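Note that the chains are named A, B, C, D and E in the order they appear, and that numbering of residues resets to 1 at the start of each chain.
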């Protein structure tokens, strides 16, 4: 697409996605040539409307697509110099890539604590380390501690979301793919989540690829952003630049001029910009 | 290029809801039906008409019945054999004891009996779900067969417990020469018993199946079908939007059993000519379930495709084997190879397309629609 | 605790003045617990006919449980629910639906195997009078079916989901699924619409659309809306009254402005800014 | 294929897989070996080669029907004769074979009242049908008790497979119980018969019969013997029918089967000159249809007997119609005029393998006698304990008459005219 | 009730319990797979048959079978060793390993193996030889594909060779050892061929896949071995002894002991270990399990191997009771009511369910069925019981609660 992405694959990005096409069910073409890269220890965010292909991109990276009858038909995804399609999802986890899936996906019949512990399945650094991390997760999400013996199928939506995020943290990943981590969380917790992300990134040097609808937050906490529309990258740039971009401001942040509009007063009309036409 | 819906605009919702909205499909189905009604009888090939097509139709109908229950309403049942038996022995007794009734009315009555029994055994479905329900429905399978085995009346006290289809005419004894409905005598053909022609049996079966399949199609594209599918996909949500779970499930059990019952009756009267309970045993119930899974859950056509696969593949392999294997391989080896290939093709189909043959067919059509473009 | 008087109705940042007179739903002293977890403790509130009413609170506060009790899916251990003046505490979900309640779900509960159109059509089931025999023979049921379809097409137009009419909903992106769910609820022609986080997982633009839909439904049909949402912008902008739950208890109840400034609410939920 | 090779076609409805595979593979092994012997040694039967095609039924009745329909028109003049080898399949085929004019041989199984050739012109429950066999069994029990009069007051349990096959003898047993004054109680065992603990507890502890008749099939047989041993019922008080009397039925039961007695219309063993010849010529040429270890077992020998009967009927028909490929109708004539004398049996090298047999158009059974053998678990051998015991036609014939006439009236069949039981055919 | 009546009642009850335990042996296998992957395994019966047939035939086959197996194992072990060394020698080890895995090791082996297996099935002459070929190749193939390491393959093959050349004195142990390996090999093959393409599918589709599998296993079991009836003696007398007038069989008690051991071991495994927890996670959500790094394939191999071993044990017990023959595959149907009553996901439930089923069906048949209804009720009583039971407890006695939530 643009030069920046082309040469980036060679200049040491941790994950580079090169012009991939994804097809579901052998007929539905969803990604039509997406390229992006995630530098080591960076926070990169993927933005885009519903159905743009964010989830699909993340699943392509973590190799979970196959379980949904989806396929990368063109292009390649490279993680640390290796093609991910040669690895199974679990091998990827062992190598440090963990995904928080959209829609929680907790293990319904396991308790909250058991859910968190399965997150540490691939770890070999001993019980004590795992226990310490468990406590850390409980510290992040005190609500989970209260519900630790609750069966995950019965806890509230937000609690499930915390469990899903906590479970991914338990793997001590080096790269974490977050698919809408703030969904369904109370306002304070949304802040909290982004703080956690920042902390992980700064303290533990975790690389983060984030798909978010909360554009404002995502751009404030990330370093680089890509905007997907209809299975294509339509814009990318440093987060701070994107935050200042007029289009982004208008369509994703809802600020025109300086004032936020009231939801009661918004007019109902299609305003989505046709980026490509 | 030739298979397109481009340019076929629908001007009303009704047209949009037609069974085959695409003209090519409509023509295709018409052609298939005409061929089905005309060609086999003209060919006079008894093997094709009898064990191949009639068997296919009968089990296809049973599979369709189960598909309504399992594929549409989501209630996995392993009791279809039992319900077929109710229809079979019910119809046998009706014809035996009330020969005046035209046979197709007997079929309906037999189906209704099966439906009644189906409702009874459907009651637990309110509480029991999934494989638990599947296993629990085996109760009906075993219990019903035991009843038919142990109450001699059902088989007219035959020492071996075999119900053998009496010689029957299409419109019943009243339509015989001199009867009240004597004017029907010329078209009152024999449809079962040793002297009925294979053609008559085949056409009767085909007619019954076509009519019932059409009714089923209407059901599933209407509110009934939607209620079933809602229960299947998410029972709690369905209840919260106002669908009555028990009523909907019982209706599914009833209609499904009705179809199975009619299939059982056809089995006795137009296919084999007689039956004991062995014909409707556990394996039968399982086979019917296989048919709908392989054919495609929640697809009317899938029921028949699945039946074709399950019913026809073994003889097909057998024929192949006897043509190519004769002499080089022992009979036992061939028989086992058949089993392996049969099982292997099931696995293969599911691996390629878990949604079954019907879905494969659909994807093929989709591709055809887009052809020559890849997506 | 009760920081707002229910009679003193105010509006927030809007020119319209909304006045309500009748209670449509009264929830009194609801208790729900699961084993040791007290999901709801003595929760009471009232909803006016025609208003937009929001339930907010931290995760696990009991909001969804409250909605489940109202839908009849959870049975309250104690308490009473009155609908249009009649006690309906013991009604089953299906009866509740037939009384005029419709809802959407926090974890999307669409019928995955069906198309968008069929999903919305299921919402009409409470309104049709066909029986299965008529349907089997097609023609007797057809006029009714056409009428339903027409109604549903209006909803589809309203929600602007024409292009996905025939798509199986399982394959739709998250946001569209939420919209279809709203369509299904609307197809029931409800008197009360219960929405559980309808805007979760949407970007701003989509949220605005959704908010507009909700407001339009409320305006045009006078449908009462009970809304659970974590986006305070939306909640404070569009609701007439808000109740706040925390750990199963009601900590505030009133007009948005009052709630927003309530100390307990800030501590438990909003956080300091 | 050369013009002048004449081939008589036999459909082979076999089952080599599934729960009853042992019976199917044993029987067809014997039958095919016999036919192979004819071809290899004699160049066919009077110049007509025997040809068969296997169709796997897996003991499943529907597949049996399919096989029958598929194979019935093959061969120069269609299928000559069909051995369904399953009572269920026999029932399914009776009407079809009648319409198609193909004789159905159900040797030692099938529909008993089909022995009445006037009502069932195309069905041949040859040698001994179920009911006749049963009379022989009661006779055997009577002999053990020291005379038929001693049966009075005795108790017999009939442990049977809960299927059409199993239920078939209930009426005749009840009739005999009435005649001889013994008591009979039936114990149905559901397919496949893996668990009979309840039935055996009831038999051994509560009912305490003097004898048990075992009418099992497949795995039900060893299970019955084992369960009997566990509940302390002595095996030598159990008398089996001939579908419960093969090696496969007793070997798995181990010591529990020692002393168990079973009926048969032929013995086991491979000492017969005929079988030696088969081992020599057929297996010697690598053309055997079964593993050599199983040659001479009960099922195998049953197949040999079936082969003999079939081929002899063919010869009989050839004597009338010429050495041609026979049609079904001609074959039926051969069967209805079949008579195998003791000399002929000896000539075939099968002395002692079967009893003389003679069929008529009214009597499609032949009323062959029954022999009883005891299982010796140590040597793994069946030991004959009686000579041929004739069956009691007086009981059976009238029952067959009643039952078949009932069938005829239900089906609206006119009996073939001009014959009475035993008279000559037209 | 007189004493005699009472004793009779007790005897029926005990008989029922003991039969129930035998059912439980089969049921445990079903529960195992269900609990670990929510697959309702239709092929469990076929596995029982396969295990028992393999074992019994291995004790029966003649010396040339073992000779073939042994020499072939030596040959293949040597091949594996060479490949291993080649992989070591190459400088760029990962590349070489990959290469050898992909091409050198697998491709020709697949081809030869398939050819040989087909041959083994087809050519009936010298059956023992072909059986030997089949067994060895099966083991080798599965090992190499599963562990991706020629080292492992080499080790096991050498073990097989040693075992093959052992004398007749250790016939039973030899057969047992080899059967175990074969059963594990089968599990690996199942994972490869059947389960892997079906990740994340609906339970009913996976159920159907196991039906296909069922036919394949039946075909292979009867094709490679045979469909004859074989007597099996595992050395435990099936002679009843009397306790206060009630007959109890030593064999049944032994079966009970085995079942108890299996259940305890498996229950601990599931509840207390990391892998056990992972298994339960897999049962809930394949995709999520993948996303946390649970290697689905290994897990499935472990589970199916365990189920295969349980099936082998059940096959040995039932086989020595009834003779090894096709019908023992039908035992799975007797295990079904057991698991709905005990709960699909509870291993101890299988035992309790077995006891309940055994006792009810026997008591009902003896005291109601035979006196009043002409008997033959055993087939349906457990199912009827199960049905009524589930009306009140839809997840069975100990099953995990079915989660209903919106």
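Everything that follows uses one rule, which is that a residue touches a chain if its C-beta (ideal position, glycine included) is under 8 Å from a C-beta of that chain, and two chains touch if they have at least 3 such contacts.
Small disclaimer: the values here were computed from a predicted structure and weren't measured.
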| item | value |
| --- | --- |
| Touch-connected components when chain C is not counted | one piece |
| Chain labels contacting chain A and also chain C | B, E |
| From chain C, the most remote chain by mean C-alpha position | D |
| Most distant chain from chain B by Cα centroid | A |
| Contact-richer chain pair [B-D vs B-E] | B-E |
| Rounded Å distance between chain C and chain E, as computed from the means of their C-alpha atoms | 51 |
| Chain centre separation (chain C, chain D; CA means) in Å | 74 |
| Intercentroid distance (Cα basis), chain C paired with chain B, Å | 43 |
| Approximate Å spacing (C-alpha centroids) for the pair chain A, chain B | 48 |
| Of all residues in chain C, the ones touching two or more other chains | 73, 105-107, 109 |
| Shared-contact residues (touching 2 or more other chains) in chain B | 146, 149-150, 236-237, 240, 330, 332, 336, 338-339 |
| For chain A, residues that touch 2 or more chains besides their own | 28, 154 |
| In contact (per the touch rule at the top): chain pairs | A-B, A-C, A-E, B-C, B-D, B-E, C-E, D-E |
| Sites on chain A touched by chain E in the complex | 62, 64, 66-68, 88-94, 98-101, 105-110, 114-115, 117-119, 121-122, 151, 153-154, 167-168, 171 |
| Interfacial residue positions of chain A with respect to chain B in the complex | 23, 25-29 |
| Contact set on chain E toward chain C in their complex | 406 |
| Chain B partner contacts - residues on chain C that touch it in the complex | 71-73, 92-94, 96-98, 102-103, 105, 109-114, 118, 121-126, 128, 130, 132, 135-138, 141-142, 145-146, 148-150, 153, 184-185, 188 |
| Complex interface listing, chain E residues touching chain A | 199-200, 274, 277-278, 280-281, 283-297, 345, 400-401, 403, 405 |
